[in-house]
Amino acid sequence: MLNPILQVQNVSLSFGGVNALKDISFSAEHKSILAIIGPNGAGKSSLLNVINGVYKPQQGKVIFKDKSWDQVVPFEAARSGIARTFQNIALFKGMSVLENILTGRSLKMRSGLLSSAFYIGPCKREEVAHREAVEHIIDFLQIQHIRKTPVGRLPYGLQKRVELARALAAEPDLLLLDEPMAGMNVEEKEDMSRFVLDVNEEYGTSVILIEHDMGVVMDISDKIVVLDYGKKIGEGTPVQIKNNQKVIDAYLGVTD
Amino acid sequence: MFYREAGQFKASYKEDQAILPISQDRVGLILILIFGFFAIPLFASDYWLTAILIPFLVFSLAALGLNLLTGYAGQLSLGTAAFMAVGAFAAYNFELRVPQMPILISFIMSGITAAAVGIAFGIPSLRIRGFYLAVATLAAQFFIPWLLVKVGWFTNYSSSGVITTQPVTIFGFIFDSPSRRYLLVLSIVVILALVAKNLVRSNLGRAWMAVRDMDVAAEVIGISIVRTKLIAFGVSSFYCGVAGALYAYAYLGSVEPDGFNLDLSFRILFMVIIGGIGSIMGSFLGAAFITLLPIFLDIFINEAAAILGLKLAAGITSVIQLLVFGGLIIFFLIVEPLGLARLWQITKEKLRLWPFPH
Amino acid sequence: MSFFLEVLIGGLLAGIMYSLVALGFVLIYKASGVFNFAQGAMVFFAALTFVGAQEKLGLPIWAAFPFSLALMILLGVLTEKVVLRPLVNQPPISLFMVTIGLTFFVEGLAQLFWGTKVYPLELGIPDEPIVTTFENWGISLAGVPIVLQEINSFDLIAAFVAGILVAILAIFFQITRVGRALRAVADDHQAALSVGIPLKTIWAIVWSVAGFVALIAGLMWGARNGVQFALTFVALKALPVLILGGFDSVLGAIVGGLIIGALEKLAEVYIGPFFGGGIEIWFAYVAALLFLLIRPEGLFGDKQIDRV
Amino acid sequence: MQQDGPKGNVLLDINNIEVIYDHVILVLRGISLQLREGSIVALLGANGAGKTTTLKAVSNLLQSERGEVTKGYIAYKGDRIERLTPSALVKRGVVQVMEGRHCFPHLTVEENLLTGAYTRKVSGRVLKADLEKVYTYFPRLKDRRRSQAGYTSGGEQQMVAIGRALMAMPTMILLDEPSMGLAPQLVEEIFEIVKTLNQREKVSFLLAEQNTNVALGYSDYGYILENGRIVMDGSSAVLANNSDVKEFYLGLSTTGRKSYRDGKHYRRRKRWLA
Amino acid sequence: GDSPDGGGPEAVDTQFFGVTGYRVGPYGPSGAPIASGYIDYLRLLNERDGGINGVPVSWEECETEYNTAKGLECYERLKTRNKNGPTAIHPMSTGITYGLIDKAPIDKIPLITLGYGRTDASDGRVFPWVFPLMTNYWSQASAIVRFIAQKEGGLSKLNGRKIVLLYHDSAYGKEPHGILEKESENLGFSLVKIPVPHPGNEQQSQWMRIKKEQPDWVILWGWGVMSGTSIKTAKKIGFPREKMVGNWWSGAEVDTLAAGPSASTGYYAASMNLSGDHFAVVKEIRKYVYETGKGDDESYIGTVLWNRGVVQAMLTAEAVRLAQTKYGATSMTGAQVRWGIENLELTQSKLDSLGFGDMVPPIKVSCENHEGPGLVRFQQWDGVKWVAASDWIVGDKQLVRTMVEESAANYAREKNLTPACLDR
């Protein structure tokens, strides 16, 4: 039995007076989909930020693929196989969709300054090869038609999709998604869910996702972690969470 | 109607990733190059070559360098002239102190020296951003000319601080006439422009733009901010350095440290912004605009006054020129904040639709 | 020791003159997020109008001031109407550039109206050393009375004026409704529009106030340098102050000015000679830059927020 | 297009408008809609349909995005408003809550809320009372009132944006995706607030929303946009029972709500207009 | 500029003068009166004499903004303007001069640089096309020392004195370093060099140092706003203006006015020409040019710099006149004008007949000596105007000449030139 791909151990994080996270521990299994839910301001995004090194927790550590770190920079997290999307879309506004996604592959590109400068041999081959890989992702996410559009002009929902594409381009082992379906209608959410599931099933990528739509969360996740005011108040399968009184009080309210 | 890419299909990604995927653009560029390399040296007067075309090319190169840094990597710099100074004085000293130094190697070395200095002055960019960085780059702008004046060695102890460049000879061929110097500059600029285009469409260029647009996201993707920014400073300064060397060797023939002042830095920044930030072609458009406009205005205002029978008080022409120049910068930015290159693009988009409105 | 004090005090007072110019930058940055490159040109324009109105239009000095102020306000209002309004919500760099265009324009306009000559400017404030001793105030160092020739009535008045301006502006920004609105505009033009902040009016007001500050700075500097084109250079003195204090802090403008002034003078006098002098030209910038490495937003500037 | 309900006069009348961005990008291709005093109208539609653009055309924020209304007109209380500035509109009681949490990052939460009341010339006491009212709607904001808005969480920022609009005491609110990023409980609460304001203070709402379910639940009337055109409209109750709406916007098939796990791999892309 | 009063350049054979100058920007206040003086004299020639020996004078002005690149553009433009080119170019900036030094021999256009440019160009064997007429920086520095000695009561009195050189921190400001160091060795005064960073609009620390040094004299080597600010700051800290001597780029009305007329009272400055409107030629310009409404700006008349512009024009015109005696009374080419300058001799009686009187000293140029007399005169600001405060003073000619030849020889070596006189 493999160790969990990610273990978060006793992580605490505070900003000035605000305790964003208090002693959080949980783990995510290989090839699983884990959802983090909780009221607004509970610390969900902060938790993702800790996992990929944007925030440095005051206490606790993160173990990813059996490597433990308590001080990590985002750049290294990316190298070891973590990719993510952001709650407030963080696309590169001045670039086209294609370029954005290609940027996601920069970790895999090797060509140096000189070969790029003259666009010769390895660089050219590399560009074409990566373009091919990116086109697969574009096909997969069905965004062929906007390939060359500057991302700034896209509507919100499509931007979210492009962001997912960019994360996927890195071929990560762990994908962190911060509210990937916010601002989408049901149809689009279905698509997005489908993409997440497919990535998970076809490539075996583990997914951690934050989402407020309980329908989506309950349907697609294997495990759910619930935060409230920086504390973990529940963890378990969708069914367990649905019936957890604490969670119902703090977050779900009366279920439909 | 005329500008249609319909019917042009790309059979491979390689083709799609070509520099100019649309054939009209390709043909246009080739025509321009033919014109630049063959027609101009034959027909242009010395005045056009020395006073307009050579400076235009040299400034284009500097603007290109700044555009890589500011337009692509998003680091606003006001120290361009200082890096040009480094290039000019480096080339001078390589030629002076290394026996039998081929001039082209000196030019490359001047670029490399400028790159090294640029990287050193780029280090603050790892922490400082935006206008704070812009002002901080003024430290380079003031420090470098100061150093060049202070340390006599750089100017070979010239009492006036002015250096006079050595003759430019490549394989025994002397570049002394305006048309020859023009061709030399043109060749270097064309090659470096191509290199710049290659860089920005490669992974490095995308990393620059990523850092520019959102550095946190770029880092999360796995782009090393440190490396990307410093390379941007290095490459940009390389361009500025070579431009500085050409400014000294092919354009003015003699330069002094004080000539590389803040005004020059700003002129180059104008070129970048008027031309189009984040656009290779924009650098050329901007350089043309900023180099030609004052000359045009100068001549035009006089002629206009003569035709209208006005007797302009001496000096008033220059004042009017200043007014019109400032006014036009404002006008263009209002019409299109993203510069002439973007304006050109929109025009193309309209041409594509023409004669239909949408 | 006494010499050190003299240099220090001289530096602090020189720094206040920088602050006067820096304040204009801060105002506009705070109200629109724009680095107004034209501030130096506005200082020039204001001072030149003040003397030009006297020389060419024959206005008495008391009428020249309101006249210049009126012209500065007109300039501010026109700037808003013609230049800024179409550029709402554009990236800061475009706005920055447009202020460079404005610089040329204002410089041209000033010279078109008033010519390119140098005018003396006498404000009637004596600019001579007040010879005084600390002992008169009961201060002496180790029994040695300290002659402080550096205290100069003009400098004191400049300091006083700067102090008042800073106090008023600081209170204005921090406390009033309009001040809050200005800061909102600097953060997000579009959101500011959406809550009904009238950008037009606000910008016209701010540019007018900046014109007023430019007039004050222009008079002070003009009295020192004569009124001439070179007044536009005072902006370069203000920039290190600006980044050290923080682009958007009124308080920073004054504190930064004091620090830069003192550091610059001490460095030139005590370190300069080892390098053949003249290090002032870059010292302030380098000092400010080193400080920024520790605090990238300057002393009192707002931190840049990037949350993901 | 007549609305069913016999409620009040026409407050907002959008007549056949076309919107073009950047002089070349045609986004709205003739939109007409009406909103009656005291009603809640929902604008539904997929990503990029033009909901946000429609709202911005009304509030005139378009101008600042280099977009313009090139055809048709917009009337509010019978007056043409296409040429008014956003601030003049706010003074007349039209406030937009922008999509994507546009708050002022360097201002504190409380300062953010106060800017919302910019156009109102009222005493400090009144402001204070209004602030308290917003805080009772969003207790979370009270906790964070002193922190800079830029550092608050996504949902908190959304609350700030909505709270700020409420501070203007508007007569009509253009609400762009209010539910985005909010916890489910809060979504309900927000719509309850909408309802309360609508009933008690007669505030009208034009609502762009992806959460069709809730939107139709709380609105009186709905329009469905596709590709810059209105393809369907009707009272909310009618729309909610329309089979197409059910399938595309509510995720309901004839067999009831299906699981997100069972989504089709490649969907049938049915659209009213290409 | 304004089109020549003597008809279009194409229509009639005219002597065309290409005028480069700067009237706007930070140095505009200094450049404008020079350019005006220059053109006013050309106008006088046409109005009074119908040109030079019957050849009408025409001209075109090109604004350089004191910027080297723009200066070169002007040069290239003016070069093409007339069949004979621009007669002679006064680049009006050291930077532009350097940029043109290599071009002038090729284009056969003489450069005249009164009181700026390359000092070692005084050696005409190495620089046949460049004429730093009247006097150069090194002669000036040496003359300033002599002037101070006069005030102190003789050269020997300089021993043990302390002189501060307050200079613009640029190549220009470094020009006098070499010669002043030599002079301080020879004469036994101590020299303290204090740089003022460009632009010099704030000089608190420099004057602090001066105060600490307690010098007997301050030599001001300023430019632009720096000069006025120096005087003003001297007043601010209480340094006597009577102990300050400026060089000729810090000694015009613009400088004293910038500091404030009263603050400058007592301040001395070097000049290569006297100011004042009492000279006959100035009166004629008033009469023929201004009273007929053709003048530029009446307020410039008689100022130091306007007079300098008049002198520049006169020298150029006299060179043309001289050339005409050799080549015939038509318009002259650059090469012919060059010969005229190189053989120029203006005796006092000639100067008197031209109406210049003692505005400038007699001049004799030769192939070896492109500088001419090397004389400097000192003026003092009396609160309203400049008044002469000394006779024509010559510096250590020997020393200057040695330095010039040494430097010129270096240049010749660097450029592989064999020093020689043309036209011999």
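Of note:
When the chains are written out, they are named A, B, C, D and E in that same order, and each has its own residue count from 1.
We adopt the following convention: a contact is a pair of C-beta atoms (placed from the backbone, for glycine too) under 8 Å apart; a residue touches a chain by one contact, two chains touch by 3 or more.
Bear in mind that the values here come from a model prediction, so they are computed numbers and not experimental data.
Chains that touch both chain A and chain B are the following: C, D. Listed by label, the chains touching chain A and chain D alike are B, C.
For the pairs C-E and B-D, the count of C-beta pairs in contact is higher at C-E.
Across the assembly, the mean Cα position most removed from that of chain B is the one of D. Separating the CA-averaged centres of chain A and chain C is a span of 47 Å. Inter-chain spacing, taken between the CA centroids of chain D and chain E, is 74 Å.
One simple way to say how far apart two chains are is to compare their mean CA positions; for chain C and chain D this gives 44 Å. Chain B and chain E have Cα centroids separated by 36 Å.
Shown for chain B are the residues that touch two or more other chains, namely 146, 216-217, 220, 315, 319, 321-322. Contacts with at least two other chains are made by residues 23-24, 28, 32, 169, 197-198 of chain E. Shared interface positions of chain C, i.e. residues touching 2 or more other chains, are given as 111, 116, 276, 278-279, 281, 307-308. Touching chain pairs in this entry, ordered by label, are A-B, A-C, A-D, B-C, B-D, B-E, C-D, C-E. Residue ranges on chain B touching chain E, taken from their complex, read 45-47, 50-52, 55, 146, 149, 155, 158-162, 164, 251-259, 263, 294-295, 298, 302, 306, 311-315, 317-319, 321-322.
On the chain B side of its complex with chain D, the touching residues are 346, 349-350, 353, 358. Chain E contributes residues 23-26, 28-29, 32, 169, 193-199, 201-202, 204-206, 208-209, 211-212, 224-225, 228-229, 232, 235-238, 254, 257-261, 263, 299 to its touches with chain C in the complex. Residue ranges of chain B in contact with chain C, taken from their complex: 76, 124, 127-132, 134-136, 138-139, 142-143, 146, 150, 215-217, 220, 262, 266, 269-270, 273-274, 277, 315-316, 319-330, 333-334, 337-338. For chain C in complex with chain D, the touching residues are 88-89, 177, 180-181, 183-184, 186-200, 302, 305, 307.
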